[in-house]
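Handing you a structure now.
We call the chains A, B, C, D, E and F, going by the order they appear; numbering starts again at 1 in every chain.
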Amino acid sequence: MLDILGAALIGLGTVFFVAGTVGLLRFPDIFCRLHALTKADGLGLALIALGVALMADGAGDVVRITLIWFFVAVAGATCGHLIARYARRAMPEGRHD
Amino acid sequence: MTDPVIIFDLLLAAAVVALAVASLSVRDLFVAIVLFITFGLLSALSWVRLAAPDVALAEAAIGTGVTGALLLKTLRHLRYVSGTLDRAEALSVTPAAPVPAPVIWANAAFCGLVTLGLAVAFLGAPRSGPGFDALVAEAMPASGVDHPVTAVLLNFRAYDTLMEVVVLLAAVIAVWQIERGLSDAPAPVLGAVWEGFARLTLPAIVVVGTYLLWKGAEAPGGAFQGGAVLAAVGLLLLLSRLYVPQPSHRGVARWAFVLGTGAFAGVALLVAGGGRVAFEYPPEHAKTLILLIEGLVTISIAVTLAALFHGREPVALRSDRGRA
Amino acid sequence: MMFGTMPQLTPDLIYGVAGIAVFAIGLVGALCTQDRLRRVLALKLCSVGAGFLLVVAAWRGPPAAPDPVPHALVITGIVVMVSATAVALALIRRLQTLETEDDT
Amino acid sequence: MTVFLGTILVFLLASIIAGLFRVLRGPEPAERMLAAQLFGTAAVAILLILSRLMDTPALLDVAMVFALLAAVTLVAFVVLASRRAG
Amino acid sequence: MTLDPMILALFAPLFGAVAAFVLPRAAGAVGLVAVLLTCGAVLALARQVLAAGAVTLELGGWAPPMGIALRADGLGVAMLAMTAAVGLLVSVGALDALREARQRQYFWPLWLLLLTGMNGVYLGTDIFNLYVMIEVIALAAVGLTVLSGTREAVRAGLEYMYASILGALLFLMGVGFVYLQLGRLDFAGLIAAEPSAALSAALALMIVGLLLKTALFPLHFWLPAAHANATAPASALLSGLVVKAALYIFLRLTTHVPLPDEILVTLIGALGAGAVLWGGVQALRAERLKLLVAWSTVVQIGLIFIAFARAGQVGLAESWKAAALLILAHGVAKAAMFLAAGRIRDEVGHDIIRDLDRAPIRPTLAQFTFALAAISLIGLPPSLGFIGKWSLMEGAMAAGYWHWVAVTMIGTLLSVAYFSRVLAGFLRFDRVRAPLGEHQGWALADIAPLTLAISAISLGLLAAPILSFIELGYPFGAKP
Amino acid sequence: MRQTERLIDTTPTPARSGGSVITIDTATPAGAARGRRFLTMAVVLLVIWAALTDFRPDALVFGLPAVLAGAGLVFLMPTSPRWRLSLRGAPGFVLWFVAQSVRGAVDVAWRAFAPQMPLRPGFRRYPMALPAGAPRVLFLNTVTLLPGTLSAELAGDSVVVHMLDTRADLAADLNALEARVAALFALT
């Protein structure tokens, strides 16, 4: 039962991953693509981590999965901000509204 | 043949080869480095598929993480020194004439020939053939640790590993010797979000690195992987200028560089005696000794890798910020 | 394929051939590229290719555990390679500095 | 279950490969870094699933290191690729 | 705690390097003590080998193939002794020859690490261990190459680095194939191995890698610049000792796993012939003294490979002796010559060959040393170089391989020609030596190369005992 | 670097931007502040370590040095204003955050898959009322996970936000977020 639920979560997570990738390829500029990556991939990984955690063998594994998720989430948001900041500075002047 | 995991393997292998080609053939060096880092990431994944998580860890942390940062730093230095840092056309540092098509074809042919020859030899060789499996399995109980790779590294073939640490020492001495007291390109300010991130995660990375070291006694991990993760903390500190090496830190740094080599070689010598030879740890103390060596070697590796990234010896010739 | 019989497609076969190809690509790159930094990349590719070969040689079909000795060797190789890369890159940086100083 | 997880792996790997196009096409360095971030996250996901599929809990440690290093690489990118100082 | 001489030979320089690095002010003293200890260890080892033949030590108590064993036999100890003796004299010379504090500070740890690596190669019996050792050697050697810090030196050092890494990686790939085929990495496994495709590939990869590292024509492109632009003691070590490590591994490998085809032996000899001719011509054209000496290294390496191939596949069992004699002779003589060239350059202020005899100062002692070393390198009796060359030609004539004799003769003539470019200038005694006061620290820096050069000549008288010594312990016998 | 720390007492941020931040300079020296932070961090790290190693006491041989070294990093970091979490605010914030990040992901996934891609991207500036330090960092990171917004740069006390659709009501969303963050840090 838990396995089925886990598999469903993993599948759902993959859908978000694919969405992130589609966004990365389709969206018009870097900032929009950043939206796609930080949000969709972040949630995708969270769902996959949850799914794997449901299938995990012991509490130790769950702890590590939680740690991984937490780290990816924090790093994702921070890196998103850093890239946006970098891109704004590299951008030609005049788009600051 | 319809197993999706095999499709995954094929796709991964193809991506690895394609990335290898791409990272050598793109015009922009920055892209080449990004592709190279991706290449390292995917090779680490391949090694996971080949049931070699230790190797994957080492490759991800050292081969890709530290090496990638080193390459980026070098690229930035080259562009800064040659004054092309602000120019978009600084694609390649030493621009060369475009390669004529015949040369490319000749290269491709040579590459294909080597691949073919080696592949024939590879296909003709026994697979899952003879190896050390049985010998290692037999010797494991006397090794002092529960993880075969660590047992090989720190006990059965400790001599190799000592020399590997010596290679690191040689590298850091050579690098200190090569680069003189010139300043680096100025580092950008990273801002409040980064600071918050650093506060939260750098200490956690220290703990995770040490955890890998500790884990090495019974599962994938060990001194090199742990040391590399700890070195990542050093890299971040150096990159964000939270830590700026001072000339007065040189003495400590020297001791940290030689700590691993000295401890490893010292223990190897000290255990000799009473009918034992060098590197022959007494079985009842083997675990303690191995953990001791690993701990000290990890410190050395972390400091050395961070120093290799920083490059020059910190000397008080000029100010550390900006070119005078 | 080459010997008339289709070999069973297993990970070691796939990655072994990929590793050899990566090695050959690195070899060509190391011999033919002009750019200093790119030659370091090429050498690094060679080392990863050699690593592939050793890891593949250690692989035993699951559920058998792989041979740990080549894994240890590859880890050693990776550390050795990062040392060599660091020295080569330090030389490149130093050389560029010297060349720029001389030009001006 | 193996088939399902294997298919998921192929999807995740495909999304990495699709991201490669973004690296090659650019045009800004920032875009290339962006793709690198995608690789980090996707590789962690792949490792999480592989740890189930190959029944090797040790892969979680590998995933942890990947997660850490993706962030390190990204900061290195941001610091070392920026054209202007400050 | 019992200290095996083999362990001491490895750990004395290693601990010396560590101490010299953390105590930069005392680096010279520490370094000298470490080298002396190494010499003592080698002497003790030589006594053991004289008494018992080959000596083996299984490190960690783990027997090969899983563990790693050290093994010393006649040839290995001869190489160790040559390395230690040349190293000691170069170290003594370096005490005076290195002027900058920075150079002194870094010379010692790098050189001692280099010594560790070379001793490891001469004692090693495991091909992966040899790979790690050649990397230790490579990094330390590159560090020494760029010690002078000039742009040319750094450029040459970078080329050297590329060649070194590539050579080592080819070797590593070969190690991979050996493991794939045999599942073990020790020499005993190689000797017992049946021929196979993977083993041939491995041998090909490893040989190409080693030839690159030992700079056999046409893979010599990195050598002249690297050796000519280093500081004198570093050049002496690089040319006299470092290239020999790869050569030694080559000798071991090709005798443990015989080359599968006569054509390959001939090919290697032909490359050696190419090196002799091309290197000779380049040495004739060289403008700077150190460059000439560096090209002469290319020639000598070629000669060693001709000695290896002198009698084809059937003669391999004996050929290695001629090659080993030439290796020893070249190591001693070339170190002397580079140190002398460095002294000449120091005193005259430049090393442009054409202007050397116009210089107001005549570094007589250094010139004398240079001439003695040249005698050994040209191969005039009674030097060790002569014995080596003679043994080469004897074997080639006995096997009826007259083309190798011809190439050797041409090479000898060429070497007479290029060395006489230098020596002719020295022989004009019409200029007075400058007052002693103008010479900087000539005592140690002059005496060390002179001792080396005199040994290069006089060792020829000891050729017979040397020959019987290197056969001790059956270096290439049935079982190592 | 001997900088006195600003201790935030109460901040009037009743869901309205522009409210000024009252800070009280106390005489707490930076050293003491760091010592406190060191202890907090050490405890957190110790918990992480124990969880990673399955609470095995023998692992502490490595764990203690690691925890001390990791926590010791605070001495390299610049000092920052002190903060404390409110236990009452936490569950609410977490739930709200989870809901918002799911909404954000669904929103962007929908836009990515939609054939005509309903985007109207642009930048907006939003003045923050939150005090500098942890609350502001949390706010900036959370903005990135909210639907349609991405914190792009920090300029003084205001944040430049990139929006997928500039027609959305930025101020309302961010005000709500600020209130939540303020509640979490017991600032209200």
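Note that in this section a residue touches a chain if its C-beta (ideal position, glycine included) is under 8 Å from a C-beta of that chain, and two chains touch if they have at least 3 such contacts.
Computed from a prediction, not measured in an experiment: that's the story for all the values here.
The most central chain, judged by the distance from its Cα centroid to the centroid of all protein Cα atoms shown, is B. Set side by side, the interfaces A-B and A-F show unequal numbers of C-beta pairs in contact, with more at A-F. Here the CA centre of chain E is 63 Å from the CA centre of chain F. For the pair chain B and chain F, the distance between mean C-alpha positions equals 33 Å. Averaged C-alpha coordinates give centres for chain A and chain E that are 57 Å from one another.
For this pair, chain B with chain D, the centres built from the Cα atoms lie 18 Å apart. Taken residue by residue, chain D touches two or more other chains at 29, 33, 35, 40, 54, 61, 64, 68, 71, 75, 78, 81-84, whereas all remaining positions touch fewer.
Shown for chain A are the residues in touch with two or more other chains, namely 20, 34, 42, 44, 60, 64, 67, 71, 74-75, 78, 80-82, 85, 87. Residue positions of chain F with contacts to 2 or more other chains are 48, 52, 140-141, 151, 154. Chain pairs that touch one another, listed by label: A-B, A-D, A-F, B-C, B-D, B-E, B-F, C-E.
Put simply, chain B touches chain A in their complex at residues 190-191, 193-194, 196-197, 200-201, 204, 208. Of all the residues in chain B, the ones that touch chain E in their complex are 117-118, 120-122, 124-126, 129-132, 135-136, 139, 155-160, 163-164, 166-167, 169-171, 173-174, 176-178, 180, 251, 254-255, 257-258, 261-262, 265, 268-270, 272-273, 276-281.
Across the complex, chain E is touched by residues 23, 26-27, 30, 36, 39, 43, 46-47, 49-50, 53-54, 56-57, 67, 69-70, 73, 76-77, 80-81, 83-84, 87-88, 91-92, 94-95, 98-99, 102 of chain C. If you check the complex, the residues on chain F that touch chain B are 41, 44-45, 48-49, 52-53, 59, 61-63, 65-67, 69-71, 73-74, 76-78, 80, 132, 134, 136-138, 140-141, 151, 154. Against chain D, the residues of chain A that register as touching in their complex are 3, 7, 10-11, 13-14, 17-18, 20-21, 24-25, 30, 33-34, 37, 41-42, 44-45, 48-49, 52, 55, 57, 60-61, 64-65, 67-68, 71-72, 75-76, 78-80, 82-83, 85-87, 89-90.
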